[in-house]
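As written, the chains take the letters A, B, C and D, and residue 1 is the first residue of each chain.
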Amino acid sequence: MTHDLTPRPLNPAPPAPDFAWPGGKKSAVFIGFDVDAETAWIGNTPANVNRMVTTSHGGYDARVGIAKILDLMADLSLKGTFFIPGWTAEAHPAACEAIVAAGHEIGHHGYLHKLPDRDRLDEAYDEIDRGLAALKARLGVVPVGYRAPSGENFPELLAHLTARGLRYSSSFRDDIRPYRHLLADGRPGPVEIPVNYAFDDWNFGMTARTSPRSIFGRDMILPLWRDEFAATHDWGGVTTMVLHPQVSGRPMRWHILRDFLTEVAAREDVWIATGAEITAHYEACEAAR
Amino acid sequence: MTHDLTPRPLNPAPPAPDFAWPGGKKSAVFIGFDVDAETAWIGNTPANVNRMVTTSHGGYDARVGIAKILDLMADLSLKGTFFIPGWTAEAHPAACEAIVAAGHEIGHHGYLHKLPDRDRLDEAYDEIDRGLAALKARLGVVPVGYRAPSGENFPELLAHLTARGLRYSSSFRDDIRPYRHLLADGRPGPVEIPVNYAFDDWNFGMTARTSPRSIFGRDMILPLWRDEFAATHDWGGVTTMVLHPQVSGRPMRWHILRDFLTEVAAREDVWIATGAEITAHYEACEAAR
Amino acid sequence: MTHDLTPRPLNPAPPAPDFAWPGGKKSAVFIGFDVDAETAWIGNTPANVNRMVTTSHGGYDARVGIAKILDLMADLSLKGTFFIPGWTAEAHPAACEAIVAAGHEIGHHGYLHKLPDRDRLDEAYDEIDRGLAALKARLGVVPVGYRAPSGENFPELLAHLTARGLRYSSSFRDDIRPYRHLLADGRPGPVEIPVNYAFDDWNFGMTARTSPRSIFGRDMILPLWRDEFAATHDWGGVTTMVLHPQVSGRPMRWHILRDFLTEVAAREDVWIATGAEITAHYEACEAAR
Amino acid sequence: MTHDLTPRPLNPAPPAPDFAWPGGKKSAVFIGFDVDAETAWIGNTPANVNRMVTTSHGGYDARVGIAKILDLMADLSLKGTFFIPGWTAEAHPAACEAIVAAGHEIGHHGYLHKLPDRDRLDEAYDEIDRGLAALKARLGVVPVGYRAPSGENFPELLAHLTARGLRYSSSFRDDIRPYRHLLADGRPGPVEIPVNYAFDDWNFGMTARTSPRSIFGRDMILPLWRDEFAATHDWGGVTTMVLHPQVSGRPMRWHILRDFLTEVAAREDVWIATGAEITAHYEACEAAR
């Protein structure tokens, strides 16, 4: 793949259009979980499959994390979107079925959590197709949303997602409101529900043997989240969370998340919605224009 | 390029001279924005051009960040300096034209945000010349100030900047007050308005897939900025900010910046000025000596 | 070693069973110390043996850290588990004997703190066997517990630990309560007392010449620990600490640890226990089922 | 150089002996500055000599930092030890002469701040000898103390320091009180005044283009320092600071340092002393035993 450095917006999609959130709400909150399990560690570093402690971070998902997150969501009567790699659905079917049974949305998150690489188109397409097959076969689900594993994307992949019926993506960091992707050939692509990396718990709640770094707790994270949410709310945006049960399903972090969501859920002017609901609303507004 | 390790000040410029800030002000604040857009990600890593999520950090500039920053500056009736790579002006002309239309100073920030490398003189000169051409052609602007992309410089580049009419640079970290560069041949170079890396929002407000790290919010940054400003003010220095719309134009960070600038702007004893204004004042003082 | 990416739980052990802590306690606290001494620096980077300042971090153990930690534990009348690499026992016998004399449990922590590598089975087995021999010869101890140096493990190693009589492991991060490992051949493996990386002092209390980073003090760590403990307690889990005398034996950190343990020890509903005690309780519950 | 992994204390020096601080003081504070200037950046990475912004961090020493630090020490009537690489003395003689004129101790800090490498003995010896020659020729000083540039040491270097008349070293992290090094041949080496890395301002006050990371301000550092000092004081140790004018001579950090030292200087029970004074006291105690 050559490197075309011609000056142009590298994301050709037009800016987010002006539309109102449903029911007069001022902003939306999209509670997204990436249920990576072990794939977070083996997808891009297959040698980790022989490192049981490294992968045990991911193993927390099926043993503890997913169930705890489901409890939390049930306690607060909230619905979220769980992006599940196909491998995870195959390796941990019971834990994943519990997510489905609880009525949450299931999103696509690749097959083995491989970073989509434009230099390896076939592998990237295969990740999509195997992921779809696995979610269908194991969970009986046909997802409408996709979050890129390791957070990467490229034009051909957006086209492939569209061809496979994926109606939204939630990976980009270039906006605070949803917009519709524009494919390279001029056709419309998926709706994008952009993420806010202040809500990616991996950044402050995970460490690794190979690069030790401090984690940060309640005193730092709860104000950070309150502040980022308040500002996004003030601007009428969508607060898209990128949570991981192997991080936010741990004891302290679970309570931080619970307290944040409790505060948000108590507000009358916030629309807490799944990716599918936000996409459907976006599409309805689009059709009405 | 050989490595001449002969002992001598590696910056041959004499120390900052003693001069008074205009109107009896005790210190100056220079609000500088680097409008990198995608160039922050592709300039030194061209392969990133095929990674749409990585570059979407930069895409935030044209979609949201620049407009939000312009709103903030207008609300506070402040003028700043926006250092724009030529590529950005060509890729996002409307967003850049809005900066010009709002009456802010436009500074030079290279063409593709390539790190100036003394081992590649032609590339470094080309970055300057293409940047100048792009700012002229797209924005009708001839900048007088330069901030090195990725913050690097070397003697031949200072000479080239001088030859091209750039009157000031704002990249060095070796002083708290402006001084004039001395070229290798003894001629005067540009005025330097040194930067303070405590005000570089990239350090605490950005993270990356390839090296996850925590970001820090209001509770840590606002006191840090207040304290660093108060100390620089006490010493009669210049508080040079290195802000990026793709960082400080995000919801939470925008409010932190707003609150900090509101406090500074309320002071009677601070001169908030663009780089061009500071340079003109320096030159006038110099001429009067 | 090939990379078998077949979807399945990479840790085949069944989830932690439901059992009650002794005496009606609501949760357990396992105070574990890794007495790495110099091995933390030379085990995986032998060239560091010629870098006396780098290894002096580890030298702190025998000069100061171990004695200070023993004082602290005695002051609070607490018993903990000290995981000692064989090399440490041979290099610093007096300091290690003092641990034994104080009545603490001695655990196995490899011989030279080499990362267990599934591609080098003989080396991994040798680390176990030499470690056992050294603890026996120098300290007269036959350990029943093992914590993986550099925190790594794999199926053959779990089998080898079992063959050598190790009854528990404390390295995995996939649960908040003890469980029993399942060996690849279906036989039972050691009990796992999973660790909580929020209590690994290396992450926030160590820095290194080759990768400078900030350390964090009382104001951040004590709330983090209180919060993580409270949450783990609420869930009935085990708070497993991963402390190092060369970190938590330093002046400020020692006081943070003292204050945390004092608070925990004052509670009526917490069982502070060694790894051996927790394992014996687990085994008794298991036998009773 | 082979890697001798034989189990033994890698620092053969006996533990710090028991001795009283002078005048009934409970602990000592050793205020040490590393006046690296540009050598911090070019010593181990000669290519940086062609990167003027990178080296401008170091240029801050001679322009601003050293003078500000001297002001601070004069204001508080304190004497400290300034470890100066030979290159710095040759490149910035006026700034270094001002340190001498102010009556502070001058320590040895290598010539070009090269990491002492046991695989390059001649280079390591040459750094010592050229550093001594430069301090003598430019500053008329014969230092009695040495701090290893980039903080590294090895047996042959300790012997060379002894042969060159250096009476103390201040680099090791393995104790909280001074002790005497033991050379490989059994002769006594220099006294060690061990450092405390919580007081190394580089860890939390510096960032770099090539590895951006947050810096931390007053709210975090002043409590950290107060706490670490209080604990070291409580244990009767020496609080050895590793400060850099290019870090702690910056506006905010200068004020943090001033406030910390003001508090310490106000105490009746603390002995603030130079490395030479501490060494002389140690030697006197040793002679009296």
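Everything below uses one rule, namely that contacts are C-beta pairs under 8 Å (C-beta built on N, C-alpha and C of every residue); 3 or more make two chains touch, one makes a residue touch a chain.
Not measured: the values here are computed from a predicted model.
Q: Taking all residue numbers used at the chain B/chain D interface, answer same if over half belong to both copies and different if under half do.
A: different
Q: Between 0 and 180 degrees, and as a multiple of 5, what angle does the rotation take that fits chain A onto chain D by Cα atoms?
A: Answer in degrees: 180, to the nearest 5.
Q: Of all the other chains, whose mean CA position lies farthest from chain B?
A: C
Q: Nearest whole angstrom, what separates the Cα centre of chain B from the Cα centre of chain C?
A: 48
Q: Could you give the separation in Å between the centres of chain A and chain B, each centre being the mean of its C-alpha atoms?
A: Computed value for the inter-centroid distance: 34 Å.
Q: Name the residues of chain D that each touch 2 or more other chains.
A: 211, 213-214, 216, 220
Q: Any two chains that touch count here, so list every such pair.
A: Between chains, contact exists in these pairs: A-B, A-C, B-D, C-D.
Q: Within their complex, state which residues of chain D touch chain C.
A: Contact set of chain D toward chain C: 1, 3-5, 7-11, 15-16, 118-119, 148, 150-155, 158, 171-176, 194, 196-198, 200, 202-204, 206, 211, 213-214, 216, 220, 223-224, 227-228, 230-232, 234-235, 237.
Q: Along chain D, where are the residues that touch chain B in the complex?
A: Within the complex, chain D contacts chain B at residues 38, 42, 46-47, 49-60, 62-64, 68, 87-88, 90-92, 112, 207, 209, 211-220, 250-252, 254-255.
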